[in-house]
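Per-chain residue numbering starts at 1, and chain names A, B, C and D are given in the order in which the chains are listed.
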Amino acid sequence: MTAFQIILMGLLIICAVSVSFSKNLLNAILIYMSFSLVMSMLWICLESPDLAITEAAVGAGITSVLFFVTLKKIHAIEASEPEEKEKGKDE
Amino acid sequence: MSKKRPAAEYQKTFAFRFFRWLSGAKDPYLGEVEMQPQEEYVPDPEAALRHEKEHDAILDKVYDPERNMEMKLFRKLYHATSILFCLFLIALLLVTISWLPAIGTVERPVNNEVAGRYIENGLEETGAVNIVAGMILDYRAFDTLGESHVLFVATITVLILLRLNKTEKNEAEVNDRRFEPKNDAILQLAATFLVPIIIIFGIYIILNGHLGPGGGFSGGAVIGAGLVLYLNAFGFQKTERFFTEKTYKWICFFSLSFYCLAKSYSFYTGANQLHSVIPKGTPGAILSSGLILPLNIAVGLVVACTIYAFYAMFRKGGF
Amino acid sequence: MGPNLLANYGEAVSAILFCIGFTNLLLQTNLIKKIIGLNVMDSAIYLFLAEKGYIAGRVAPIVVNGVTSTEAYINPIPSGLVLTGIVVSVSVTALMLSLTIRLYTRYHTLDLDEISAQLKKEGK
Amino acid sequence: MNFICNFPFFSILISLFSGTICSVLPAKAAKVVNRVVIAAVGVMSLILLLYLLSTGESFVYWMGHFPAPWGNEIRAGVLEAGMALFFCIIMYLSMAGGAHKLYGEVVESKHNLYYILVNLLLSSLLALVYTNDMFTAYVFVEINTISACGLIMIRQVGRTIEAAVRYMIMSLLGSGLLLFGLCIMYDLTGHLLMSNMKESVSLLMASGEYQIPLIVSVALMCVGLCIKSALFPFHAWLPDAYGYSTASSAAILSSLVSKGYIFLLIKIIYRVIGFDIFNSTRIIDVLFVFGLMGMIFGSISAIRENDIRRMIAFSSVAQIGYIYMGFGMGTQAGMVASIFHILSHAATKSLLFIAAIGLTDVSGGSRKFVDLTGAAYRNKWAGAAFMAGSLSMVGVPLFSGFISKLLFSQAAVQVEGKMLASLIVLGISTVLNAIYFMKTVIRIYTPARESGYSIVTFKDMKSYGIVLICFIVLNVILGVSSQPIVDMIEQGLAMFA
């Protein structure tokens, strides 16, 4: 069990670092989603099923959906005003 | 009783002058003190235009991040200090952690009589099989009351930021049609199967909150996710038939009021050592554990509506 | 260095995650990545807190077969606190994201420094 | 138990519940509810204060059916009740004074949302004042932060939204550090209630165990709260947030929100760590240095500013520096001076913000000093109130600012090693204060050539004038009858132990 925990924690750090360095916003959000999933697995290992359910529903579910809809909205704004397209954007 | 003073005498008093000044009847400086107003500046329209242009050019130059040395320096300094601070913080925290009691062991200060009582007497004192639920909704219920209001106040701020008025809303609807896929057959078929299952699962999590892992918040989030999926598959027209801003408002209002009043009752009786009339029931049964089940339902409703409201606000700026 | 760094590896990881999130929040110029950094930071604190309740060899605090002895279950307090905390972080995330949308509709960029520069240029 | 002991609980719950109620009411009714709730809470706090003064001892109130280490508690003493009363007065006056500006600056359909935010802010402030539990404090700190953010960006211009983002980022860093420190503290003590924590902390200090984590946790909590209350290097968000939000918001934010965090810090110092233990750490020296730096740099930035609202905002940075300097002295006298300065600054700063909108309104809405020339003749009440506020800030006798400066210098004289630094900086900062406030006062009293701006008399805005008078009277009361208030603060601090 300890080895599994250590692997999960390693994954957490990898996810966190790659979020910081990813150039693409969509990728960053997906990586954050997997971060949450790993976190919820870790909570099962730590014997807190309440937290695991909540994190899976909230971190991987709701928060990511909110991120996606924000990104979508931003693209929509950008597309609806093409004359301002040259303004700086990461994607 | 003082005699009424004659007007001429009264006009010499300080009070008269003060009130005259206050009411604006007379300016005390006018004609008494030599205070010349500043010379009036007569603007030359051409010069003003030129001046404005120059001003703009200067501003462009000043706030050009490539050229402004001060800004560049500030940004570099900021980066350097932030990185140093973070490195310092990481070192500090690691050193701290190395001195903390070892995790996973029993001999730690946190495993004291508080946790002991929650585990040993939690079942009979709160009636909840899930000790965590009993703890957050009974022993430490004030935190949880605050927590649900955090969610509420966050919704309010999102409403302030993103809710549109009538005319903007129509425009937004047109935009929404343009950017969201409509009538995707695969999505709709999947949603027809999935949405009921998701919502039933959410309800199960809420109702089962005091018996097993789960509770109002996670269940509400699941139901909210189901609603969002339904919305995505079938569009706003379908959801508006059963869920409008009014529904949201009243569901939130009733759930939060119920939460507040129920918990006030329990705090009040607790603090005044009165007997609470709420039955605990047999532990393990679905209708047990006093207020925990109704509170979970209330929280679940609030959270489900809030999640849906967040999504609708983000996507369209209204329901 | 104290004696327990290796035993507390979980807490060490959470401290590292905390600092990664903290650095992201301070240094990322893109607002969405700042918000992700914020979420990482919050999760790290919750991991740190949840580690405190864990006791090796015991099970989750859900009473099974009426056994209510402290020997059987882990400490329930940290779990409850983390549950509260997760709600807080969701609310804050939603608020920050709506601020982001609002700023983007106005300034068409996600870079906070660029927005400040534009504001200063407008000069009001 | 006496029925009055329920009042702290009632005041928190009423203000929370009124937030929920306002969400379904139209704006006008919400406004009435808001005023009534603030007034009711104020009256309850006053009765509670009188009751506590007569009994002379504090009490704890169970939030639930379980006693101390298991359940959740709130606690009321003289200082808490006094603070609650004071917060209610300031909040009522600020809301009343800025109400007419709300119509121009906030979309009509969002007015009731504004009152919800104010109600929730009040409840969170009360909870921060009364709570006896660290985790509850954290939760209500978050409510406070989010509703303060709402207050900043309710007036939606670009600056306020950008300021709100910056405010949120800074605050969330602060909350993160606060929660981390709290977790370490919980790990070491095993309790979340302040009184139990304090027992464990003093035991740990006596036994010499876990010294490093203890100090680190205290430091993290302090830094977190300092960031949240905009101590000097962390104030980047403050000028825009205070300068461009609607007037009531600016007054409430500057005088109450940051003070709520500072009061929580005082509670942590006294009730969690212990005053003597806190003073034996080096943290107070750091607070002292940053406080002094804030006093100087805040004033310098204020001098360089040519926008009246932003100038007042920068002056807040300097005043928060004063408060932290008092903490940094590490003596009882310094603490009393800081708490008195919390009161005096809250009364004065909200007065200045409310008076400033009167002046800008008669200058065509412009906030630049050039346009403000002669504004005090066009709106005499606002001019007089602004002058009173400035005199108080500078430290002229009869006003509250004088007493707080006097208390600070008295406290500084008693501290060895910090006396010279604090006296010199106090002197410099007073001079700087005088420069920028007197500059403004002279500017608004310089007669201008006929500018075409309308003249506002008392009859035009009665409620606004009355609010200004109340503020001035409050300032003078604080300045004239300071001794009873100082005695009350000392009594309250004695109850903390």
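Assume a contact is a pair of C-beta atoms (placed from the backbone, for glycine too) under 8 Å apart; a residue touches a chain by one contact, two chains touch by 3 or more.
A quick note: this is a predicted structure, and the numbers were derived from the prediction, not measured.
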| item | value |
| --- | --- |
| Chain B omitted: connectivity of the other chains | one piece |
| Between A-C and B-C, the pair joined by more C-beta contacts | B-C |
| Whole-Å gap between the CA centroids of chain B and chain C | 17 |
| Separation of chain A from chain D, taking each centre as the mean of its C-alpha atoms, in whole Å | 37 |
| Centre-to-centre distance between chain C and chain A (centres being mean Cα positions), rounded to whole Å | 12 |
| Centre-of-Cα separation between chain D and chain B, whole angstrom | 21 |
| Sites on chain C at which at least two other chains make contact | 2, 10, 16, 18, 21-23, 26, 51-54, 60, 62, 77-79, 81, 83-84, 86, 88, 90-92, 94-95, 97, 99-102 |
| Chain D residues counted as touching two or more neighbouring chains | 135, 139, 142, 146, 149, 153, 156, 161, 180, 186-187, 212 |
| Per-residue overlap in chain B, given as positions that touch at least 2 other chains | 93, 95, 99-101, 108, 110-111, 114, 118, 130, 132, 140, 143, 147, 150, 153-154, 157, 161, 212-213, 215, 217, 310, 314 |
| Contacting chain pairs - touch in the sense defined above | A-B, A-C, B-C, B-D, C-D |
| Chain A partner contacts - residues on chain B that touch it in the complex | 130, 132-133, 175, 178-179, 205, 212-215, 217-218, 221-222, 224-225, 228, 307, 310-311, 314-315 |
| Chain C-touching residues of chain B, taken from the complex the two chains share | 59-60, 63, 65, 71, 75, 79, 82-83, 85-86, 89-90, 93-95, 97-106, 108, 110-111, 114-116, 118-123, 129-132, 135-136, 140, 143-144, 147-148, 150-151, 153-155, 157-158, 161-162, 212-213, 215, 217, 283, 310, 313-314 |
| Partner chain C, residues of chain D touching it in the complex | 135, 139, 142, 146, 149, 153, 156, 158-159, 161-162, 164-166, 168-169, 172-173, 176, 179-180, 183, 186-187, 192, 212 |
| Chain A residues touching chain C - in the complex, by the definition given at the top | 5-6, 9, 12-13, 16-17, 19-20, 25, 28-29, 32, 35-36, 39, 42-43, 46-51, 54-55, 58-59, 62-63, 66-67, 70-71, 73-74, 77-78, 81, 84, 87-90 |
| Chain A-touching residues of chain C, taken from the complex the two chains share | 9-10, 13, 16-17, 20-21, 23-24, 28, 30, 32-33, 35-37, 39-40, 43, 46-47, 50-51, 53-54, 58-60, 62, 74, 78-79, 82-83, 86, 90, 93-94, 97, 100-101, 104-105, 108-111, 114 |
